[in-house]
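What follows is chain A paired twice: with chain B in the first complex and chain C in the second.
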Partner chain A sequence: MNFITPLSWDDTGFILTGIMNTVTISVVAIVLGTLLGLIVGFMRAESSRVVNALFGGLLDILRSVPLIIQLVLFSTFIGAMGHPLNPFVAGSIILSLYTMAFMSEVFRSGFESVHQSMMTSARSLGMTYWQTIFYIRLPIGLRAVFPSWLGVALSVIKDSALVSVIGYMELLRTSEQLISRTQQPLMILIGVGIFYFIISYPLSSYGRYVERKMTT
Partner chain B sequence: MISIQNVHKSFGDLEVLKGVSLDVNDGEVVSIIGGSGSGKSTLLYCINAIENIQKGKIIVDGVDVHSKETNKDKMRQKLGMVFQQWNSFPHMTVLENAALAPRIVKKMSKAESIEIAKKELVHVGLGDKFDVYPTKMSGGQQQRLAIARALAMKPDCMLFDEVTSALDPELVGEVLDTLRLLADEGMTMICVTHEMGFARDVSDRVAYFHEGVIAEIGEAKQVITDPQNPLTQKFLSKVR
Partner chain C sequence: MEYEFHWNIVFQNMPELLNGAFVTLHVSVLAMLLGIVIAILLAIVKMNNSKPFCYVATTWVEIARNTPALFQIYMAYFGLGALGIHLSPYVAVLSALVFINAGYLTETFRGGFQSIPSTQYSASKSLGMTSLQLYRYIILPQMLRRIYHPMTNQFVWSILMSSLGILVGMSELSGTTQRLQSSSFRTLEFFMVAAVMYFIITKLVLLGSSLISRKLFKGEIG
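Here is the complex of A and B:
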């Protein structure tokens, strides 16, 4: 029997699943990470130093411990507790929290970039606190940090490859399986690299388009 | 009508206003002059309840501004305020800047708010700038936009906090002309200013602030050209 078989058209379905899974977990992490990051970033910009120190410590842990360690620790811990999660759910939770930690700092700096006197001007027109947040502080702050947001979002797509270590069938893991079967790492890794580029490129070019629109 | 009664205001240990009383009648223009740190800007912030006060009372059209029962957002609609820094909303066009508060605060329809914004922008001489973003305009134009934005709320009274201090000298004139126009139309105004010529020619009364109290107040021409208090004389001799 021959265990080494060449790459064939039958493998496209397998690769496509990997691509779809990479896209899915990236979208989930970017969306959840952005929403949570907005809330945490806003709270950090508005709260006292004590609250900030607590938040800051937690975020520092999420940002400084390598993602791969967080993934393994979390899924092992949850499994040992007797509530094993499927790799997609466990991966989504950790990747979203990891993204949130970076996003919250991005948004905090955006909120803080809007000067207090701008808010005072808005309040003097009779706007309430929340109207000032929604119509003035949020839109101005978000514009200021859009390029940084895009940078984090792009790195999440690449970081999603690490979710393979807990068994999620994303693009990298499918390629590893193909490599072990076909023994053609060079060609397959080049192909996978191209796929990551194809996934990321629309986002970064859309980002450039938005930035251009905002400056005019 | 604005009635300021024995107002005290401190920032921590520093007492900035030490018992200020002043009545401003409808249609009256009062200019406040004085050195930096004399408390003149702080008084405006207190009238608008941006800053709270420790003692005394400020009554605007019968409403006690600092009372706990007062809805401050509602109260501020009666008082337009323009600051030293114009703070245009950079993400909106000139027209949207002026139409925003009438629409979201007064709950006007979009068409109504646009109409009122256009009217006030023409009023301050920005009739040709509706679709321009404020960052593309000069400081003088942005300051006039700030005035139009406040006027679009149809305030009973306007508070001006050193509105020409951050402007290049050649742009001061256009903003003062706008203030003069409003004064001629009978708007009630309190202007904190360093422009002595403006204070003399446009205001009805001038108050000189010194270390948190009104050291001298009187008819504008008299205070500026013939001050009675030695402190006012000294201040005016320095700024001239």
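Here is the complex of A and C:
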């Protein structure tokens, strides 16, 4: 009996599931992370020094502990508490929080880049506080940080590969399983690399293009 | 909460964990130093625009920036293995980190060089400075100030990413944690301690970096 079977067309379904899972978890993490990051970033830009330091400390933990450790810690913690989550949910929660930690920093600098005098003049034109936020601060601040936002989003797509450690079948894990069956690591890995590159390269070039256009 | 924490076993294994932390620090420092050397070369090649080398440099930078770190490590460990080059987990993680660090730092260095206006070169020449003096007193001090923060970030990033060694069986902090927890089944305790240790390591590195920058740049950092 032959245990090592070569790569065949039957495996495309398996790889496609992996690709879909990578895309799904990245999109979930980017969307949730952006929304949460927007709220937290806004709160940090608005709140006092003390609140800020507290928030900053919490976010700092998310940024200074490796993602892989956070994932393992969270999924075993939830399991030990008696409410095991499936890998997708646990992975999305941690990946979203991790994204939030970076996004909040991006958005905070965006909000702070809008000059105080602009808000004052908006208020003096009779706009309410929320109108100044929605019509002045958000559009101007968000436009300024778009390249950084894209950079964080891209790193999330790449970091989503780490969710494989808690058993989520994303692209790199499916390819690892194919490798252990077919013993053809080089071909499969190059394919996986090309996939990530195809997603990431156009976006990062676009980000650089926007950045260049903004500085000149 | 039904889970009982058993910290004893963690404290008994503390020397091994500290040893792992040392390996983590060690691999990231080495990856950073080698990455800087290669990045300087790549940046020079990219700025000189000599065709064949320039393509190599660009390809290197783009691959490093646009693929996951885990992919690089798998490539170094399993991919090169298929070609008959068998690297130990340590060398595989190190080479992947060097590859990525070099890719990211190339752009940092290039940006640092290009941020200095060319008028400064001619100004120093007209003041009668030699090229050595020009770089020593004018160009490098300004460039270092601009690339210092990105370089610190990259260093912290390599410390965090060296934790991927867990997946190829390297014996750095997370790999050691993984091995110890699998023989004692105290997963939660071991990983909590590892998280705290990573936090402390990054904070110490950031503290050290800000002390150095205060000494080196006397607070005038851009």
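Convention: the second predicted complex is superposed on the first by the 200 of 216 C-alpha atoms of A that agree within 3 Å, B and C clash if a C-alpha of one lies under 4 Å from a C-alpha of the other, contacts with A are read in each partner's own complex, and residues count from 1 in each chain.
In this text, contacts are C-beta pairs under 8 Å (C-beta built on N, C-alpha and C of every residue); 3 or more make two chains touch, one makes a residue touch a chain.
Treat the numbers as computed from the prediction; the structure is a model and nothing was measured.
Novice: In this superposed model, does chain C or chain B come into contact with more residues of chain A?
Specialist: Touching more of chain A: C.
Novice: Answer with first, second, both or neither: which of chain B and chain C does A:Asn86 touch in the superposed model?
Specialist: Once the two structures are laid over each other on A, A:Asn86 reaches no partner at all.
Novice: Looking at A:Val192 after the superposition, I want to know if it touches chain B, chain C, both of them or none. Which is it: first, second, both, neither?
Specialist: second
Novice: One more residue to check, A:Ile69. First (chain B), second (chain C), both or neither?
Specialist: Only chain C; A:Ile69 stays clear of chain B.
Novice: Go through the superposed model and pick first if A:Ala161 touches only chain B, second if only chain C, both, or neither.
Specialist: In the superposition, A:Ala161 contacts chain C only.
Novice: Which holds for A:Ser200: it touches chain B only (first), chain C only (second), both, or neither?
Specialist: The answer is second: A:Ser200 touches chain C but not chain B.
Novice: Once the complexes are superposed, what residues of chain A are shared between the chain B interface and the chain C interface?
Specialist: Touching chain B in the first complex and chain C in the second, no residue of chain A appears in both lists.
Novice: Which of the residues in chain B end up touching chain A in this complex?
Specialist: 48, 50, 73-74, 76-77, 79-81, 83, 85, 87, 89-91, 100-101, 104-106, 146, 149-150, 153
Novice: Using the touch definition from the top, list the residues of chain C that touch chain A in their complex.
Specialist: Those in contact with chain A are residues 1-3, 62-63, 65-71, 74-75, 78-79, 81-83, 156, 160-161, 163-164, 166-167, 174, 177, 187-188, 191-192, 194-195, 198-199, 202-203.
Novice: Which residues of chain A touch chain B in their complex?
Specialist: Listed in rising order, the residues of chain A that touch chain B are 115, 117-118, 120-128, 131, 135-136, 139-140, 143.
Novice: Inside the complex, what are the residues of chain A that reach chain C?
Specialist: 61, 64-70, 72-73, 76-77, 80-82, 154, 158-159, 161-162, 164-165, 172, 176, 179, 184-186, 189-190, 192-193, 196-197, 200-201, 204
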